[in-house]
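What follows is a group of structures, each given as structure tokens.
Look for chain A in each of the two complexes below; its partner is chain B in the first and chain C in the second.
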Partner chain A sequence: MTQATISRRGGGHTRPRRSGARKGFWAALPTPARLGILTVVAIAAWQLYVSLSGVDALLFVGPVDVAEHLVAGLADGTLTQATLTTLRILGLSFVIGAFVAVALTMWAMWTQFGSDVLTLLGATLSPIPGLAILPLAMLWFGISTTSLVVVLLNAIVWPIAYNLRTGIETISPTIRAVSRNIGLRGVREAVAVLLPGSLPYILAGLRSAWAFGWRTIVGAELIFGASGQGGGIGYYLNQQRFFLEVANLFAGLVLIAVVGVLLEWLFAVVERVTVRRWGMQASA
Partner chain B sequence: MLGAVLASLALLSGCADSGGASGPSTVKIGYQQSVLYVPLLVMKEKGWLSEQVPEVDLQWTQLASGAALRDAMVTGDLQIGMIGIGAFNVGLSKGLDWKYMMSNADLDAAVMVSDPGIKTFEDLARSKPRISTIAPDSPQAFMLKIAARQYLGDPNALDESLVTLDAPSAVQALQAGQIDADTATSPSRYLEEGAGAHAVLTSNDVFAGGLLGVGPVAREGFKEDNQAFSEAFVRQLGRAVRWVQDNPEQALDLVSAELFGPNSNRDLLLKSVKNINWTVEPKNVLDYSTKSAELGVTDRAASSEDDMIFADLVEIAKNSFDSPAQEDSK
Partner chain C sequence: MSATWSDQKKVGHVGETTLLEVAGVAMAYGESAEPVLRDVDFSLTKGERCMLLGPSGCGKSTLLRAVGGFHAPAAGHISLGGVEVVRPGPDRAFVFQEFDQLLPWKRVLANVAYPLTINGHRKADASERARSYLSMMGLDAATEKFPHQLSGGMKQRVAIARAMALEPKVLLMDEPFGALDAQTRSRLQEQFREVTSALGTTVIFVTHSIHEAAFLGDTVIVLGGKPARVIGRVPIERVDGRNENQQQVEARLQELLTDAHEDGGSTP
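Up next is the complex of A and B:
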């Protein structure tokens, strides 16, 4: 489980250097330029392999083909619709999961019984991969969005709850004592002190939950999905696989990666304009 | 980086032995878990093929779906795959150089519904149903399209109703009322029938005269390089298909444990084996290919039946099926 350990600064991911070490050419480049060059080289190598190797087009297609199919899929709405369907289900699960996680954690912080319940549930349920729950969810809730939401909840609740608990536990005892002295109790204490005080950890939990949830829902949709235009991106991938539309399969994978990167970026922005700006950054 | 990694994996997966002019040293044969593969397993258990080609190392692999078998044949991991007409036709339309060596059995699908108030396919369509199929490229899914065109005037009328489920999940879902209909094959259709469901449409209603359900498929290069092996294969499988038709109980006893495990429902499987139309003749394959292109399921149709079957091998299989060996008749 990923804990709140964000200590990156300025959005960069450079390795720490010894004091006084000379900056090489590569390291001197700004992060976007470095990543851009790497991307271009990878795409060029990919296209070169496809052009020179004579690989079967039913196994492997080049980036140009993939780009064409990606644009076509977005333009005709099939890929856009599939992605939006997946994001809608994930968003709904995220809201429910965050609410459940906060409620469970607050209960755990206020009572020993609640703490034991959270510890027991977390220890037993969080190691179960979301997809392992899917057959049971289908049995109980049918071939429906509800089954996907149930599976997603198991992927989403625990990262948020664990990180929130850790965040609350790291709030200074003095601050908590002061808040009690001025009469803050229960929900008021949670809203005024506990949640804001553990914001870096909450963000880290949300980020982990998002990553777990995104992988889980795509996997779950590969197993079953509503038909026709009702299916998400995993369902779309499965359809393309069955009909040997390899370029569309690649396009779907590229889109999944792009959406993943965009949402990671969104979390980074939220982190920058909140906890970093407010000097609340958690240390490792 | 990603491209290089994927390229390496693709290269690795394409390194399987595909035989040669002097005959194959190893042949990998893929199949699925279904009663339709009883003859293949009979051929294996009785050692008929290995007796004919003792120099060949025969490897038998069970995979989960026709698409998985097709993928394995594309990469060269399998030399012969027992593949249904749906997955085969999609591969063919994408330019895969493969053909049926013979048939094994006709399709025996039925649209099963549990609501006694639904008497006909039109009744079902009117009820805004949820209908399961085993795979979107399956002949069962295509059967619904043809039926929708035939009975409802719109081949796409039920597209939004389809749910992809494996056979056991579909049986369970139908019983639980989570779906309204299941396009089931044997033995699921009999299992559902036993639980009170009834058929509102069968594959014979849609594909008059029958449709190839499953048969062995080989790529053209493999067949050309290994003609003698290919002939031996279809001769022995044709013999096994006939033997299963004539001896369903013995056939089931022979392969049931390997194909279905020790706790399978014997009565149900026997009913299936007895009711399946065992045949070596690929039926209506060109019609299937033509209609699927017409309805936009595939990009293009085969131009003739010769594009879809190895006619010389089918002829050998027919001879074998029609003239069972004397020892097989005992």
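Up next is the complex of A and C:
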């Protein structure tokens, strides 16, 4: 009896199959079309909610308002300036961080002592959220760009160093043997073989370093306020809260998301013209 | 049978002087391990193609890596042109069996030219020389490709061109055709024989294929036993680069290997 029920149930799979066909239609669309449709639907739903629900405009604004404020903020330079300030500090930290990470990892590859130092520092420092270091950095370096850079370095160095180390360790032994055979040693070998040979991992490391860094700096600016001539995007957000400029808050968030997407895209482009082109990484 | 071969002297290399000397070499994996190979003595003259033939796992590749300077022998000495081998170097250019021996981020031409620039050639000169060696290996059409766009056979040809362009004192080949399909392998063997004959390249070539050894070698050094040692040295007469006695040489090599296999277990 039970068996019959089960087998009947087992045979009655028409419904999932039909919904499978509908999913097939959606999946058959090209990716930009799918994402575009989703974006339009989400924005329309957002606008509908704002127009129909009568939500307090002091707390929640619609996409049209946000777009207006975003354009205005970019045009009058407040948003542009804030974003550039943030990116400038992040970029500076990125360059320093990459150098530190490469130097540390090379030291770790060449000496046991360096390897132990990297393991110990990485294991103890990398779990500390960047923002947790901020209070100490503020005591030591004051409210300055230096404090931000120090906090960012902790977010940036470890992902790059770890990935680079893994990358170098996974370079094929044949390639390592070839590099010694043709007479490469030391720094020259590092630049000519070890770095390009571990590029897929380096890019993965830069990607996660960037992701950690971008979150950390926006967070740090929220706590920190301005430094130098102007505040960054996090500082901007905090100011808009003071002035109850909800539309500007939304605009700031949209901009942060857009910058994030653009940088991801940049990494994808770099991957395409390097490691994919060289056949070092299968396309995702 | 064996008289036929042992009576023959190697021909074609007049004024022979020893280029490479392997004396009393033992190889072991790890410091305290039993040697896999011991009391290996042989020498090489300039322009000689020397095949190291032996069963899989007899330590012939390990021996070649020692000549390459990658491993130190557990005992004995290896010297090239009277200088003891202590580290890897371009005077002993190496071709590996693995297809991943090219730098994936460099195009074919750069893969061959780059080692030359490291070793003191000017860029233009390196590039020109790389082109001529690639051309010799029949790779004119592939110079601008990336390694991952090449077939296994082409990759190995690029690796051979790269090693030969360095004009090493001795070219070290570690079963470079071992992972190729039969057709490609025999085509490459023929090409390799022609090019090295034309240039007079000195070669040590590791193989476990009796046919390959008889086809390519001026001399075949047969390794066997446990631990392995040299159990025979078979010179091969060549007319126009061809081995006229391919069948007989193969039979002789087979005999040596079979004998070694039979007393292999009892040899201490």
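Throughout what follows, the second predicted complex is superposed on the first by the 255 of 284 C-alpha atoms of A that agree within 3 Å, B and C clash if a C-alpha of one lies under 4 Å from a C-alpha of the other, contacts with A are read in each partner's own complex, and residues count from 1 in each chain.
In the analysis below, contacts are C-beta pairs under 8 Å (C-beta built on N, C-alpha and C of every residue); 3 or more make two chains touch, one makes a residue touch a chain.
All values reported here derive from a predicted model rather than from experimental measurement.
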Chain B versus chain C as contact partner of A:Val261, first or second or both or neither: neither
Partner chain(s) touched by A:Leu184 [first = chain B, second = chain C, both, neither]: second
Which of chain B and chain C A:Phe243 touches, first, second, both or neither: first
First (chain B), second (chain C), both or neither touched by A:Asp56: first
First, second, both or neither for A:Trp46, with chain B first and chain C second: first
Touching partner for A:Ser172 - first (chain B), second (chain C), both, neither: second
Chain A: partner with more touched residues, chain B or chain C: B
Touched partner set for A:Leu125, first chain B, second chain C, both or neither: neither
First (chain B), second (chain C), both or neither touched by A:Arg277: second
Complex interface listing, chain C residues touching chain A: 68, 70, 87-90, 92-94, 96, 98, 100-101, 103-105, 114-115, 118-119, 146-149, 166
Touching residues (chain side chain A, partner chain C) in the complex: 172, 174-175, 177-178, 180-184, 188, 192-193, 196-197, 199, 274, 277-280
List of chain B residues in touch with chain A within their complex: 1-4, 6-7, 10-11, 13-14, 67, 70, 74-75, 87, 90-91, 94-96, 130, 132, 135-137, 159-165, 169, 172-173, 176, 178-179, 298
Residues of chain A that touch chain B when the two form their complex: 38, 41-43, 45-47, 49-50, 53, 55-60, 63, 135, 138-139, 142-144, 224-230, 238-239, 241-244
